[in-house]
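Presented sequentially are two complexes of subunit A, the first with subunit B as partner and the second with subunit C.
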Partner chain A sequence: MQVFDLEAQGLRALNATLHALTGQTNETAWEIVNPRGSHAIAVGVDAPVDITVRGSTGYYCAGMNKQATIRVKGSAGPGVAENMMSGTVIIDGDASQYAGATGRGGLLVIKGNASSRCGISMKGIDIVVHGNIGHMSAFMAQSGSLVVLGNAGEALGDSLYEARLFVRGPVKSLGADCIEKEMRPEHLLLLADLLKRGEADHLAKPEEFRRYGSARKLYTFNIDNAAAY
Partner chain B sequence: MCGIVGLFLKDPALEPKLGAMLTEMLITMTDRGPDSAGIAIYGHPADGRAKLTVQSPEPDKDFKGLADDLSAVTGAPVTGDIKDTHIVLHLPADRLEDARAAIATLRPSATVMSAGEGIEIYKEVGLPKDVAARFDLEKMSGTHGIGHTRMATESAVTTAGAHPFSTGPDQCLVHNGSLSNHNSVRRVLKRAGMTFRTENDTEVAAAFLTHKMQEGANLGEAMEATLTDLDGFFTFVVGTKDGFGVVRDPIACKPAVMAETGQYVAFGSEYRAMVNLPGIDTARVWEPEPATVYFWER
Partner chain C sequence: MTDFPHTPPRQSWTFSNDVNAEIRRAAATGIYDIRGGGSKRRLPHFDDLLFLGASISRYPLEGYREKCATDVWLGTRHAKTPIHLDIPVTIAGMSFGALSGPAKEALGRGATEAGTSTTTGDGGMTEEERGHSRTLVYQYLPSRYGMNPDDLRRADAIEIVVGQGAKPGGGGMLLGQKISDRVAAMRNLPKGIDQRSACRHPDWTGPDDLEIKILELREITDWEKPIYVKIGGARPYYDTALAVKAGADVVVLDGMQGGTAATQDVFIENVGMPILACIPQAVKALQDLGMHRAVQLIVSGGIRSGADVAKALALGADAVAIGTAALIALGDNDPALEAEYNKLGTTAGAYDDWHEGRDPAGITTQDPALYGRFDPVLGGRRLKNYLKVMTLEAQTIARACGKSHLHNLEPEDLCALTLEAAAMAGVPLAGTNWIPGRNGF
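Moving on to the complex of A and B:
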């Protein structure tokens, strides 16, 4: 176990150290202590390592993550796992706005609540939120899955493309072009897998969720408009 | 950007440390607002007494003999404590308005920053750590306080444009965000008799609340009204004699974190502003909901 004291050693040293880990490294287990709400912790990691952050983080923790498993033993500030490519990010507490924004792959698990704009413009990431999500979540979400064990705020999935949204509790309102859709067997299988990987299979069953997706009625989906581009 | 910090103490044992705790929080928010900084600090009101905080770009000239001159005008004893470019004048509460009016003629270049029974406001241009040092904020005590670090967007970097803004007795407001309809709201408020010192959007928000309360609204109702009448981005933290309130616009882009323990309620634009508060590791920490008014009063 490699221990990095962020307060003593500084952010640049931390991220430079983590960036130096490439390919097969023997230093596979890392612990970051004294995060004290700092920004940009463990951003841009690209190695199959395990990183545990002992405390709460500020903006953009685990942004652009590739391959790594990053656990935050606290809450995360805005933009956690923004543009994640692969790997897993697990937040034990709450996440602030735009968690997992623009993420292209990997899995983001939030064990508390996520606030507004969770999964905005997601492009392939899977997000599992054990609690609730705030307004405008999955806005313009393109692909990937968003699973919410609690409730969703206003305007869920506004201007949605092809991302799949599964919410167990009430949805305050659906955004433009977002509709409830039939839950088919393949969706139940997908959900079962996501709940398991999201450390939530003991908390909820796939049958308890409702599925939401794009009605594909917005301008961009109309084949008659193809000539306009 | 801009940074906001706030502390409302429940435990009187922390009151001597209020200034020290707020100063540390304020300096942590330097990245969010390096242009200027300000703080409103509230103490226990003394029976029948009030305070005027006055700022001057020429403190040596303006503050010399000011307490005595105000004594002569109001016919009551007035004392003054000078803190850099600010002076806190202590006087009987029933002479407060006379004294405030007299300052405009006695010292035309001076500005009344705040008036009331508990409030003192200190604000200046410069890095938060330098502003805090000039006023010795660390040594101040009190029951609650609000601080602001400014990154200017809607008006110039001046002392008058720094936050907090106070437009009514013991009231103040700080703001992270920018209002887009402040000119039209200012025109309406001017017709209703409110006066303005700056072109700043935040001053309009402060005056809006004061006006609503003059019309009979309580603070909660006045804060609710910001959600319908003010257009733009805002997280507001509002101070009164007895407490403080928080409201965010419905879109809630501007960050806000709150923490509560048995000893205090704290506000920070970011969690890192609060990491040194006592018991923060076991505090209830949450993000205030959009379009929701929060208020703590003693």
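Moving on to the complex of A and C:
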């Protein structure tokens, strides 16, 4: 286990060290101590390593992650795992706004609640939230899956494209062009896999969720839908 | 019956034929007019400024004998690897999607041969432009289509786009006709839909967040790349100051003449300011912060000639960017294609329905039959020629003003032909020492 004291060694040294890791590295386990809410912790990592952050993080922790498994033993600030490409990011606590924004791949697990705009503009990432999510989540979400064991705030899935949304609890309101859809067997299989990978299969069953997706009415501009734009 | 003189038919200035035609079009179609390009209004512009040239008080430099340097460094504030260009005329961001692959290749070829940079757009980085561009600026846009850390690292600079001159405060729309298989795959969208681009970034709001976003991008790229912040010409003093505060290496400022691939005509013509009004405000913000020349300023929007380049630099810019002019150099709106423009209901010089993807020049299209007509090698050569001519023209003017580098041009070399231009540019009305708005009157 490599231990990196962020307070003593600084952010630049941390990210430079992590960027130097390659697929052949033997230093596969890292622990970052004293994060103290710093921004941009472990951003741009591109190696199959396991990184544990002992404490809470500021903005953009694990941004653009590739391959790495990054665990935050605390809560995460805005934009955690933004534009993630692959790998896994697990937040033990809560996540602030824009969690998983524009993510293109990999898995983001939030064991607490996620704030507003969770999964905004997501492009292939899978997100599993054990708690609730805030308003405007999955805005303009393009692809990937968002699984919420708790409740969803206002305007879920506004202007949605092809992302799949699964929510177990009540949804305060659906955004423009987002509708409830039939849960078919393939969705139950997908959900079971996501719950397992999201360390939530002991907390909920696929049958307890409802599925939401795009009505696809805004895919081509029509003046009669002007009120929805 | 006496035949009295009649009042001749009189057209309304307010309800002109053009205005009435637009009302009828809107009533018939139920959709606002979408088009490409920038403002077509008559606006105060560089044409309204003149250089004074050398006289007894200033020596000119000998044309073609005495050196007038043209190079520019960009990104010297924080980046480990700033950009050094041979000429201060860069190619503005234009997306693959809006433009064809061969057109992007031509931009890369021409810019590289002329010693300058080109820029990606709202659709990700293509191999055509990376492969053919010695210096490539990678745009970081609200949509984040195709965004990935590998392309960030193989770019030479990163441009965070907050806004553009054609539509400050607006997002974009690429209509379904241009969402081909390749474009759809790059943007992770269904083929053929009308693709909307957001007007705000998804994971930051405001200047304090922007500072942290810039930190993140610097960390991902190990502080190597210059980071530009592009703003539309709306509140250039404050936006420039905030971009500098957030940590930008370079501010890119785009006036309302700057083009877009597709936006509402009402937006293009009624939001934002002409670039002439923007430059002095941005320069003042940089000067007030003690950052003029330390943070470089690139301006765009209606740059057409070496004279425009020289005037922009004299007002305090470090470089300019061209988009529409570059497309014209490639062959856009060429009168040689007049018959084909006529079939589309338009005429050469006025064609702006770039979003429809039917460009007979093969530049603003994703139709293989159309872009197959476009020769990227020839297009690149034409662009190189044009960039070289612009540079020579700017040098000619600078030498006449006694300057050994284009960056030595200054507002004192200029006068204005109109009150509006004098007030906006902050230079005296020709034949006077009056700068409207200065010294209390």
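The criterion applied here is as follows: the second predicted complex is superposed on the first by the 218 of 229 C-alpha atoms of A that agree within 3 Å, B and C clash if a C-alpha of one lies under 4 Å from a C-alpha of the other, contacts with A are read in each partner's own complex, and residues count from 1 in each chain.
One rule holds in what follows: contacts are C-beta pairs under 8 Å (C-beta built on N, C-alpha and C of every residue); 3 or more make two chains touch, one makes a residue touch a chain.
Please read all numbers here as calculations on a predicted model, not as lab measurements.
Touch check for A:Asp46: first (subunit B), second (subunit C), both, or neither?
After superposition on chain A, A:Asp46 lies in contact with subunit C alone.
In the superposed arrangement, which partner chain does A:Lys196 touch: subunit B (first), subunit C (second), both, or neither?
neither
Return first, second, both or neither, reflecting whether A:Ser143 touches subunit B, subunit C, both chains, or no partner chain.
second
Can you tell me whether subunit B or subunit C touches more residues on subunit A?
C
Tell me which partner A:Ser121 touches in the superposition: subunit B (first), subunit C (second), both or neither.
Only subunit C is touched by A:Ser121; subunit B is not.
Counting only touches as set out at the top, which of subunit B and subunit C does A:His135 meet: first, second, both, neither?
First partner only.
Based on the superposed arrangement, let me know which partner A:Gly58 touches: subunit B (first), subunit C (second), both, or neither?
In the superposed model, A:Gly58 contacts both subunit B and subunit C.
In the superposed arrangement, does A:Asn15 touch subunit B (first), subunit C (second), both or neither?
A:Asn15: touches subunit C, not subunit B.
Would you sort A:Lys172 into first (subunit B), second (subunit C), both or neither based on which partner it touches?
Once the two structures are laid over each other on A, A:Lys172 reaches no partner at all.
I'd like to know which partner A:Pro78 touches here: subunit B for first, subunit C for second, both or neither.
In the superposition, A:Pro78 touches subunit B and subunit C alike.
Which subunit A residues lie in the overlap of the subunit B contact set and the subunit C contact set?
Residues common to the subunit A contacts of subunit C and of subunit B are 58-59, 78, 97, listed in rising order.
Which of the residues in subunit B come into contact with subunit A in the complex?
250-253, 255, 257, 270-275, 285-287, 290
Residue numbers of subunit A touching subunit B in their complex, please.
Contact set of subunit A toward subunit B: 36-38, 56, 58-59, 75, 77-78, 93-94, 96-97, 115-116, 134-135.
Once bound in the complex, which stretches of subunit A touch subunit C?
Residue positions touching the partner: 11-12, 15-16, 19, 39-40, 43-44, 46, 58-60, 63-64, 66, 78-79, 82-83, 85, 97-98, 101-102, 104, 117, 120-121, 123-124, 139-140, 142-143, 159, 161-162, 219-221, 223-224.
For a test of understanding, state which residues of subunit C touch subunit A in their complex under the given definition.
The contact residues of subunit C facing subunit A are 30-31, 143-144, 147-149, 152, 173, 175-176, 188-190, 193-194, 196, 198, 202-204, 209, 212-213, 215-216, 219-223.
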